[in-house]
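Should a chain be cited, it is by its letter among A, B, C, D, E and F, assigned in written order, with residues numbered from 1 in that chain.
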Amino acid sequence: MGLEIVNDVRTDYVCDLVKNGKREDGRGFREYRDISVERDVIKRAEGSARVKIGDTEVLVGVKVELGTPFPDTPDKGVIITNTELVPLASPKFESGPPNENSIQLARVVDRGIRGSETIDLDKLCIEKGEKVWMVFIDIHVLDDNGNLVDAAALGAIASLLNLRIPNERYGLTGENTLPMRDTPVAVTTVEIEGNILVDPSFDEGNAAASSVTVISNADGTLSGMQKSGSGGLKEAQIAEMVEIGIEKAGEIRKKYL
Amino acid sequence: MKEEIELIKDGKRLDGRGFDELRPIKIEVGVLKRADGSCYFELGDNKVIAAVYGPREMHPRHAQDAKMAVVKFRYNMAPFSTNDRKRPGPDRRSVEISKVCREAFNPVIMRELYPKMGIEVYVELLQSDAGTRTAGINAASIALADAGIPMKDLVSSIAVGKINGEVVLDLNAAEDNNGEADMPIAMIARTNTITALQMDGRMTQEEFGRGMKLARGACHQIYELQRAALVTRYNQNYEGKNKREEE
Amino acid sequence: MGLEIVNDVRTDYVCDLVKNGKREDGRGFREYRDISVERDVIKRAEGSARVKIGDTEVLVGVKVELGTPFPDTPDKGVIITNTELVPLASPKFESGPPNENSIQLARVVDRGIRGSETIDLDKLCIEKGEKVWMVFIDIHVLDDNGNLVDAAALGAIASLLNLRIPNERYGLTGENTLPMRDTPVAVTTVEIEGNILVDPSFDEGNAAASSVTVISNADGTLSGMQKSGSGGLKEAQIAEMVEIGIEKAGEIRKKYL
Amino acid sequence: MKEEIELIKDGKRLDGRGFDELRPIKIEVGVLKRADGSCYFELGDNKVIAAVYGPREMHPRHAQDAKMAVVKFRYNMAPFSTNDRKRPGPDRRSVEISKVCREAFNPVIMRELYPKMGIEVYVELLQSDAGTRTAGINAASIALADAGIPMKDLVSSIAVGKINGEVVLDLNAAEDNNGEADMPIAMIARTNTITALQMDGRMTQEEFGRGMKLARGACHQIYELQRAALVTRYNQNYEGKNKREEE
Amino acid sequence: MGLEIVNDVRTDYVCDLVKNGKREDGRGFREYRDISVERDVIKRAEGSARVKIGDTEVLVGVKVELGTPFPDTPDKGVIITNTELVPLASPKFESGPPNENSIQLARVVDRGIRGSETIDLDKLCIEKGEKVWMVFIDIHVLDDNGNLVDAAALGAIASLLNLRIPNERYGLTGENTLPMRDTPVAVTTVEIEGNILVDPSFDEGNAAASSVTVISNADGTLSGMQKSGSGGLKEAQIAEMVEIGIEKAGEIRKKYL
Amino acid sequence: MKEEIELIKDGKRLDGRGFDELRPIKIEVGVLKRADGSCYFELGDNKVIAAVYGPREMHPRHAQDAKMAVVKFRYNMAPFSTNDRKRPGPDRRSVEISKVCREAFNPVIMRELYPKMGIEVYVELLQSDAGTRTAGINAASIALADAGIPMKDLVSSIAVGKINGEVVLDLNAAEDNNGEADMPIAMIARTNTITALQMDGRMTQEEFGRGMKLARGACHQIYELQRAALVTRYNQNYEGKNKREEE
């Protein structure tokens, strides 16, 4: 109960600021917090990246293992994206199987990578119907201070971009790198009091009625979208969010990928 | 890259539809006895039933919201609704869809009228053919109204997508499996307010804009069908009631 | 709490009626509600039926897929019967894994089919020890207004009677129909105030101390029985229930199968 | 159709029993220290222990019944009790059996004496050889009495079945696996009231009637053995108590 | 609540006794309750033993089945130790998946057997990478009156000592016995009021701040240890516990194995 | 028997360490914003983060202790922390380790100050190389202090083991996998009080004694590093506060 009142107060505070054209941390509405991307941080993973957006911190590790393909795609490798919202990262997260928020997070990141066809799944096939590479993208959230999805998506693509295929470990030969065909970047905006803000902080995420994640590719095409939250949006607002999404993705791609 | 499969021939889709054409829709309201409200909805080969229970006491208590009703939404596929049998119980896909659908109704349900209560919406996919979540939202919208849940307006839903480079309305399974993009949308048709939006695949910003326009038109059509079904149901009830009173 | 009082009142009402030789809906004690059986209602299923008994509605879908046999029966196909009491169908059902009621329902239906040896499991074997047909009978309850088990069992046998084996889908040839050896029909009776009533309504089911499901075959032999509920029964009562069960099964078989 | 395996030879069953003969029964009462009541029961090669706890406070609270005690019954097979190791934890079979067994006791336990309380019955199958649920009910009946739970009467249980076309009593595993039908029954022997009944396989109405008669006779025998075991136990307790008082 | 007060009272009682050099049941601090070991009690198991330590009773059954080896040890058999703290055995046990207590119990017993290399896993291999014997050690607690771990460990080694490999059942030939290389025995001591007591009763187990299980072999080497409980221990206390552990294990081994 | 692999050469271990030498340790305090206290800890190639939340209201209520705070400890390996991907979620190993770690802190946390409350400790293994639980305990100890949880003292932890017949300190993965024994220990270094102890493998009583001595020395070293890290953190906070006040 006590906590909910605090939430209400913070929401009111954030909304008041936005009405006056301001944000908690002094940013402009279309401004991201500081971003940092550190790669190859986990020795045991075939690819990894630690991404910070402001105080939000996400660690993505990619493991590549041999497995059997799905029966309906015998000549394609497998990508599995998984998120753990471990209780270390937020007083709101709880131990237990993935809930709808962590499932949505994983699925949106996955959708961006699939939609952009970044990874050529055919190249992950070793023996049709028998042996393919399984690529496990594990998103480990360390500190949730808002906008997890952009950090997770950025960590995923950064990890994939210098993936090492562990041929040696399985006694195989072949290319150890995987040519990437695209670099999808997710940009999340929220609607608060009729305004569109990019990269919501934790409190802004709570205060917003709606949020939209737009994932776009190097050529500016869209490769995934997801509206979330309990509010409605006008077409023009969504168009603006798409516009911002493509623009900001370009900036992030240039700077960090 | 997917090999391109011919989905459009002579300007028509394989099932004969034009680019902006909906599949046939069939609606029956009040089909279940136990539920407080219900609706059977067909969209092409999709067959879905929605049931609504509530507002009723919410369990467990700690899941209650002191200020407004909590809406539960469960999208579920029957094991026999798909080509390969679906294992019973929720999977990641259905958990995500349930969340998106629930949020699609939050802007219209007058939840503040029922603090601490629960409103439960159950959608069962009996036969699926792509676009199941849009059929489910359309059915749920009518079932909510049938249950007498106060709503500001109905929610209508449809998907648009891209096949063989063309932006088209309401993909069926063959189109969805072999197409380039799919974008399910839910909206309050009368105010053009979007309450759900997802996109999968690859499309340009311009195609996205065209898709939105197509979806808007279709949602208006669906809204009229939903309204008509509810009016029919209301008249039936009214007649039934009068008849009983006359007896 | 409130609900429980309502239940008590309804139980008293049902019992009073029965004492006076009456039922809620005016039926005789040995009279079924209206039955309807609609077949092949689900395109994606290899067999399906929608059964209504009064307002009770059950949808049964049968999927047939290739799988590996159990190690102890390498030359036999597999039948798996499963029930989902989805919360759509009743204010009393809850989401989650099958509880004892749905498990019992599935197992009783399964028992009838197995006991009657309706399906020749040997004919479901394609390659001994390697490949057999798996027959999944999924019972999806849509509207629970009493006597689910008779509706489910009727739906199951109706679905099986025109099952199509999907040879083509798996690149196999062979008969697409499966000769059925019997037509088990379940008939449920309850004991209320010393009387035996067939086809209990929802309130009658709640009011009854005991219920017995009798499954019988075309030749009048029994192929399954299950007593349920917290009451005791005299031998003579059970004998009467068996008598009714066989008789009513014959009528239903003739009319609907 | 099952190939017929010879289970009867010269009018006797393979283990030498006649058609209406029970397997050897062994009963020990009060075998566990922690439980409020307990019983070890052997029926042929079946070895089962039952323990009873309660009446005691019922958790969680929402599972309480304001009018009477709630009976919990858990039938569980030890992993090593079967030829192929049984995975620990409940499966569909044990869930169903637990329900049937619980209901078998509802007519006799005076639940109305303990509103809001729980009475818990745990049955562990240590070694199985067909008829496990009947052995479990017999054991539980004694454990309930040993725990001092007020009951109107004891419940006794046995299965009848059909092998090589004959109706026989108390199938063992070989007979159950290769027989035509199996019908476990529980009854209050003194009043001939049936409290549990299941049937599997195929038998005629006439065979069913004969089976009931066989079961009735056997339950009366078992009832006497149950009573005798409880009397012995009571005398032990009484002697023990006297001894202690003398000291 | 009521129960907790009872626990507190019993704990105080036990502690007072110990301060005066006494135990509830009149034993000396280094004295075990009566032990009995009965072997081959379960026909369906390949090895079994019923162990009683005072009123504590544990039944261990070992099943041996064919299976596939783990990928990283293709030429070794598999041992799986599992504990069920079934609610029959104690008013404190609840139905459900193994909790931390039952997991710890199983893992400590397992550790003793593995640490002592009692079983030559190489001899459990039938066909490298394909077929090995899986040895399931199932610990079924029947009556929890304290010190489950010593009873469970004793039951496990007693069951293993006359294990029969079921070659015939799988159509194999070969030795039906498995040469055992050692006989690890677990001895648990607890610390109460600065004193070290062996073989804690139920109440002593509750009263103790710490308990230490020491598993040792025929030659007096250690093959496993586990401290449990919320207290701290001095080095000298642990040394004493190890000393006692080795001594008592020798006595038990001589008498019961 | 394991084939012996050469792990010691010319009196040195393969990574160049002496028998009584720790792997390099790196500590950062207060690395997470959301947690009440946190610590990043490296022990050789182990990378671990610990976070502490609380004391805060404990859910569910029936898990509360009326007399003191309940400590929850969750040791968790990230899926990518190991050579073979670890399936997410708790397994038997992590459940046991969580229990042992929780108990390692019970003697020092002043739980009686916070009746009915919960203190939650979360340890995430990001990269593992044997000795993960000792790294986790060391990190948790600092995170608890960083969260301001009243403790009588810090807990320090290290493993000793036996490789090629020698008792050595702080095994790495190669040594652990091919060694003869491993013994993780936690202690209150200042009072030489052992709060956690496990042993795996095979060692003599004399080797056990030597191992204890090695562990004791190492825990004293670690204790000093933990203290130093906390002092640095405190000074930072103090300076930061002063700076802000000056502005």
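The criterion applied here is as follows: a contact is a pair of C-beta atoms (placed from the backbone, for glycine too) under 8 Å apart; a residue touches a chain by one contact, two chains touch by 3 or more.
Bear in mind the structure is a predicted one, so any value in this text is a computation, not a measurement.
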A correct list of chains touching both chain B and chain C reads none
Any chance you could name the chains that touch chain E and chain F both? none
So which pair out of A-F, B-C or E-F basically repeats C-D, with more than half the contacts the same? E-F
Looking at CA centres, what chain is most distant from chain B? E
Based only on mean CA positions, could you tell me how far chain B sits from chain E in angstrom? 57
For chain C and chain E, let me know how many angstrom lie between their CA-based centres, rounded off. 48
For the pair chain A and chain B, the C-alpha centroid-to-centroid distance in angstrom is 27
Multi-partner residues of chain E (at least 2 other chains): none
Where in chain F do residues touch two or more other chains at once? none
For this assembly, give the contact graph shape among line, ring, star, complete and other. ring
Quick one: what's the order of chains around the ring if we set off from chain B and go to chain C first? B, C, D, E, F, A
Enumerate the contact residues on chain D facing chain E in the complex. 32-35, 45, 47, 49-51, 53, 56, 74, 76, 78-85, 88-90, 120, 122-124, 126-128
So in the complex, which bits of chain E are touching chain D? 42-45, 48, 55, 57, 59, 61-63, 65, 82, 84, 86-91, 95, 97, 136, 138, 140, 142-145
In the complex, chain E touches chain F at residues 1, 98, 100, 103-104, 106-107, 111, 114-117, 212, 217, 220-235, 238-239, 242-243, 246
Residues of chain B touching chain A in their complex? 1, 66, 92-93, 95-96, 98-100, 103, 106-107, 181, 183, 187-188, 191-205, 208-209, 212, 216
